[in-house]
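The following blocks contain the structures, represented as structure tokens.
Each of the two complexes below includes subunit A, the first together with subunit B, the second together with subunit C.
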Partner chain A sequence: MIASLLAAAGDWVAPTLDYHALAPEIILAAGIFAVLSIDLFLEPEQRWITSALSGFVMLGALVTVGTLAVIGDDTRSMFGGRYVSDEYALILKALFLVAGYIVVLMSSDEIERGRYHQGEYYVLLLTSVLGMVMMASSRDLLSIFVALELLSIPAYMLAAWNKRNSRGNEAGVKYYLLGVFASAITLYGMSLLYGVTGTTLLTDLGSAITANGRFSGVEVIAVAFIVVGFAFKISAVPFHQWAPDVYEGAPTPITAFLSVASKAAGFVALVTLTFVAFPNAEDVYQPFMWVLAALSMTIGNLYALRQTNIVRMLAYSSVSQGGFILMPLTVAGVDGVGESALKAVVVYLVVYAATNLGAFAVVIAVARKTRSGEISSYGGLFGYAPALGVLMTIFLASLAGIPPLGGWFAKFGAFKAVLDADTGWGYSIAIIAAINTVISAAYYITVMREIWMKDEPTGDTTPIRTPPSLGAALVITCGATIVLGVLPDIVGRFGDITDLTGALGR
Partner chain B sequence: MSQFLRDYLTVVWFGAIALVLGGLLLGVAALLRPNKPTAQKLIAYESGVDPVGDGWSQSQVRYYIFALLFVIFDIEAVFIFPWATQVERYGAFGLVVMLIFLILLLDGLAYAWKKGVLRWV
Partner chain C sequence: MSAVILAADDIQVAQNIGFGIIAAIMVIGALKVVTSKNVVHAALSLVLVLSGAAAQYILLGAEFVAVSQILVYVGAVMVLFLFGVMLTRAKLGKETDLDQPKAWLGVPVALLMLGVLAWVLIDGFQDERLPADATSKAAVEISDSVLGPALVPFLALTFVLVAAVIGGIVLARKD
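And then the complex of A and B:
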């Protein structure tokens, strides 16, 4: 077998690299190298340089994503279609880089105060973002898996950053063990898929699976395993148990990073696989996604109602929001709906990222004074920190889907996609989602009531001093949340460039 | 069944025969041999000398960092040996790619060195 493979290999030709298309990845990789090396020669009080440098690396990569979007071809394909830089990839790369930049802004003060391995922290953060940026471009089972590991392994270490704290240890061990378990399941599914079809290229997989008309048993198992593996990554019920414990034990900026960027990366892989590799497998993934979406929304919401800790509440809320993001995928295979389902997912990811990062930024700012994560500690926030109170209200209202904020438009797109499908699956999931939207408002409003109506529980009403970098993060996220809701035209333009059905080569 | 899966049937056969053969030899031996255990015979075999200490022993925790550093060179070898056999075909492109890989690995070693990992304390 090996001899025949070698004979088939023939003359080796160096692949042509499109350096412009690879520029974001190259800048990130060079940045990782630079931060790691420079950190070795810094005095402890100069360590803030690593934070500033990481921010500039993210912005530099973002600039090249911008030039890629403006200059030249829309779609740049390398390695025989295994690594593609198209509009879909560019939007998501921009999302990951902006999210990474906001996390750096949120971290700089938190991590500096701890004086604990600042350089390594930013190196790991940059590495994880590099994995996510690669994930957006990957169109091959192997590059998807490499990207998945590149983004996950630094995240395991970051989750365990509070290592002197038993909760931090619990977070690290739980996230690592379950993450590795999920990777193994995904990899098993991929190996079965390769065994059956003999290819790892997603577009070839798409045509190989449909070639004989119907699914074989092995293919069904392979698709199911791959979906289950990524369901862990996006913490969809019933694969969500790690999320609240990890979110509570990790440093808060990392919690924001995991609940937004890491989750979005899982969705990106799931979406790419759904649309490119399993285009005609809707009979397999549709019921699967339906069950995952319905369970995630409902169970996430019911647990969120009972939480007294704001980080755990946001963790369950993010499980439930994950259900809403999955919702359009349940109808992705219906003729004529695929495109709007895809737009709905991407728009929801962008809006959710802005809103959730903002909510965590407020949590960090408030915890600087109260040193507590209890929801009751938000009592009277509007009285002594009016700006933070208003911002938290905006973010929570957006998460609940109240117009005219971004969350409303995201939910609108998701509902529109499933209703356009005009199938039983679509209508039933829309009804469940509508009920859950009402339930979710309850726990978001509980926090708002603390902020606006209660009194500060300890009577300490000294104002909160927000460091400038955290303030910048709040301004960016709040601006994005409002602009995406008030001017849905911008989202509409987003939608146009995410014309994935063309971009993914179907 | 596809040709690919049929190729794997060899592995299944190999495993099955190994199990049957091993079980058969041990089973026949168990039936034929006399069974007279003594205290001397039941001692764990350690190259002929009497075993000393417990079966579970601790090793220095510092070794694990050296083990991790060893992995750097191990992975380097895994990639370099196959690459070296084909280096002429890959030409300048392959040379540059491998150099980038080595520089990144060396950065890791330099980091460990500067952090004092190589010093035995």
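And then the complex of A and C:
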């Protein structure tokens, strides 16, 4: 019986693996088990070792990303184009690994003080980063969905890590339920797409959709469901309601991780799908993206204006920033603009990651002293902690898009992409974005005014002691924010138009 | 003998009748899930729906998916569900506060989704039908692709499970 089955199915060939291209994933996977098993043998006072080891695992994986960028072919394709390591994937892998490393730096002191389960915390963090790294390379619906689950499931649990606190529990449950709901919608869209096209490979999907010249209803619904599912992940309005509660209830380093890395992973999936799988579906996704981008910017901003808690303010600000990152995708299908739209999204993701991580690092440092998340607790920060005051000002100015900081260059790229498109959609979203840039400056400046003009509300002006790891996180993010603004060509080169889009199969 | 009749007849009467009966059972079960006042009854009605889905997979010649559906949903998920009910609630039996006061809002949404999805599926697939001589090699093909093109997601799933177990233990344990 088995012999006859085997004879009938003899066409299996072992896949060829490019171990160099898979090296970042392999190092992360090995690191997960190293941290997990070493943690078993550590005394409570040695637990810092797991944190240090996790940091080294991220850096080790980053080194292989570097060697991949330098040595050999730019594009390494495996499994018939289902898993690709190209420049687009490498720059995003580097982004996820650096963001993960900064989150480890931000966590080490915070998590140790809270006496949480440190070993498990870092294992879950590494697992989530592994999912993101996988997402950057995935060019197949199956890999994209599994990568989405791999990065989300650890994140659901990390959001609930403050488990003795009812807000922490609320954050975990809310994030989990809405996240699973979104995953189910995405999966339903993907299965409909597989049903009509018979393939899960993105490049094949690209040629199969509208192959007969007209959109079938199934294709429209499938594309819409997939976009909606990822809109939850990137907390675009109207799918953003979970974000402020989850950000407030989760441990602050995890909030930074969710608002930067997890969000960027959602964008990566959306961008890969848009450019590789839906190049002919622009009539469906462009209006969708337009509505999502316009609503995210405007509603995110209007809510951010009313917040008195810094974490909730940054949560709504990240919703609004998400709208700006979506903006170039509203014109991604216009001839000749796709390339600069792609570049704008990638550059914005990199700059936003550096800036927002930095802002959260300052929030953690200040909360060590004030034990408060209220914006009013930043009063007089410059007086007793001038370094933190200046850093927070730099990060907020970059988020607002003030030159010569990184955020300015990112916004410039996004505006340039939609204006180059020379369409009604492009001009209208540019006008909405311009208005929102001005509105957003208002709430960033409110915090700056507290830092520079006001007095410390309680009169307690003892200086803040910043632990070295948090200091390192601040230095890295601040350096990146300034350098990306002054010398934008650094990322501009990575987002080199022809390489990126060539690699994406256009 | 019957295979000859089915191959000759384009419409495959037996399958269609089977589909109709199972589909009716599934719809009734699904309605029971949302209308039942008793949590355990709702869970058992869900078993009916999930088993019905498994039966439909068999009719479509996807026996591997059908077996996984039984093992995972009817076996593991439902047992978990009933354990959850058993461990967290003292009271078994009728409850009055199960319904949201605004539950009726779900009705038009559900009807709208039903309409839209029914239309797109009928429009998308028109009168395509399964080949009458379809022999199932689904399990073989799945194993080939799991150890071939889908190797990376397959390995990644192991990490999903590891993460879920570790995180679940941390969040559930008392300390």
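Going forward, the second predicted complex is superposed on the first by the 492 of 506 C-alpha atoms of A that agree within 3 Å, B and C clash if a C-alpha of one lies under 4 Å from a C-alpha of the other, contacts with A are read in each partner's own complex, and residues count from 1 in each chain.
Keep this in mind: a residue touches a chain if its C-beta (ideal position, glycine included) is under 8 Å from a C-beta of that chain, and two chains touch if they have at least 3 such contacts.
Everything quoted here is computed from the prediction, not taken from an experiment.
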Query = Taking subunit A as the common reference for superposition, should the pair subunit B and subunit C be classed as clashing or as fitting?
reply = clash
Message = For A:T127, using the defined touch cut-off, is the partner it touches subunit B, subunit C, both, or neither? Pick first, second, both or neither.
response = second
Inquiry  = On the A-aligned overlay, A:A160 touches which partner chain: subunit B = first, subunit C = second, or both, or neither?
reply    = second
Subunit B versus subunit C as contact partner of A:S340, first or second or both or neither = neither
Request  = Would you sort A:L40 into first (subunit B), second (subunit C), both or neither based on which partner it touches?
outcome  = first
Task = Pick one for A:G198: touches subunit B only (first), subunit C only (second), both, or neither.
result = first
Request  = For A:S235, decide between first (touching subunit B), second (touching subunit C), both and neither.
outcome  = neither
First (subunit B), second (subunit C), both or neither touched by A:W12 = both
Request  = Give one of first, second, both or neither to describe whether A:S183 is in contact with subunit B, with subunit C, with both, or with none.
outcome  = neither
Query = If you lay the two complexes on top of each other, which residues of subunit A touch subunit B in one and subunit C in the other?
reply = 11-12, 14, 36, 195-196
Query = Which residues of subunit A touch subunit B in their complex?
reply = 1, 11-12, 14, 33, 36-37, 40, 195-196, 198
Ask   = Given the complex with subunit C, which residues does subunit A contribute to the contact?
value = 5, 8-9, 11-15, 25, 29, 32, 36, 78-80, 82-83, 117, 120, 123-124, 127-128, 130-131, 134, 138, 140, 142-143, 145-147, 149-150, 153-154, 156-158, 160-161, 163, 172, 192, 195-196, 216-221
Message = Applying the document's contact rule, which stretches of subunit B touch subunit A when the two form their complex?
response = 2, 4-5, 7, 86, 89-91, 93-94, 104, 107, 110-111, 114-115
Note = Note: in the complex, subunit C contacts subunit A through residues 116-117, 119-121, 123-125, 137, 140-141, 144, 147-153, 156-157, 159-160, 162-164, 166-171
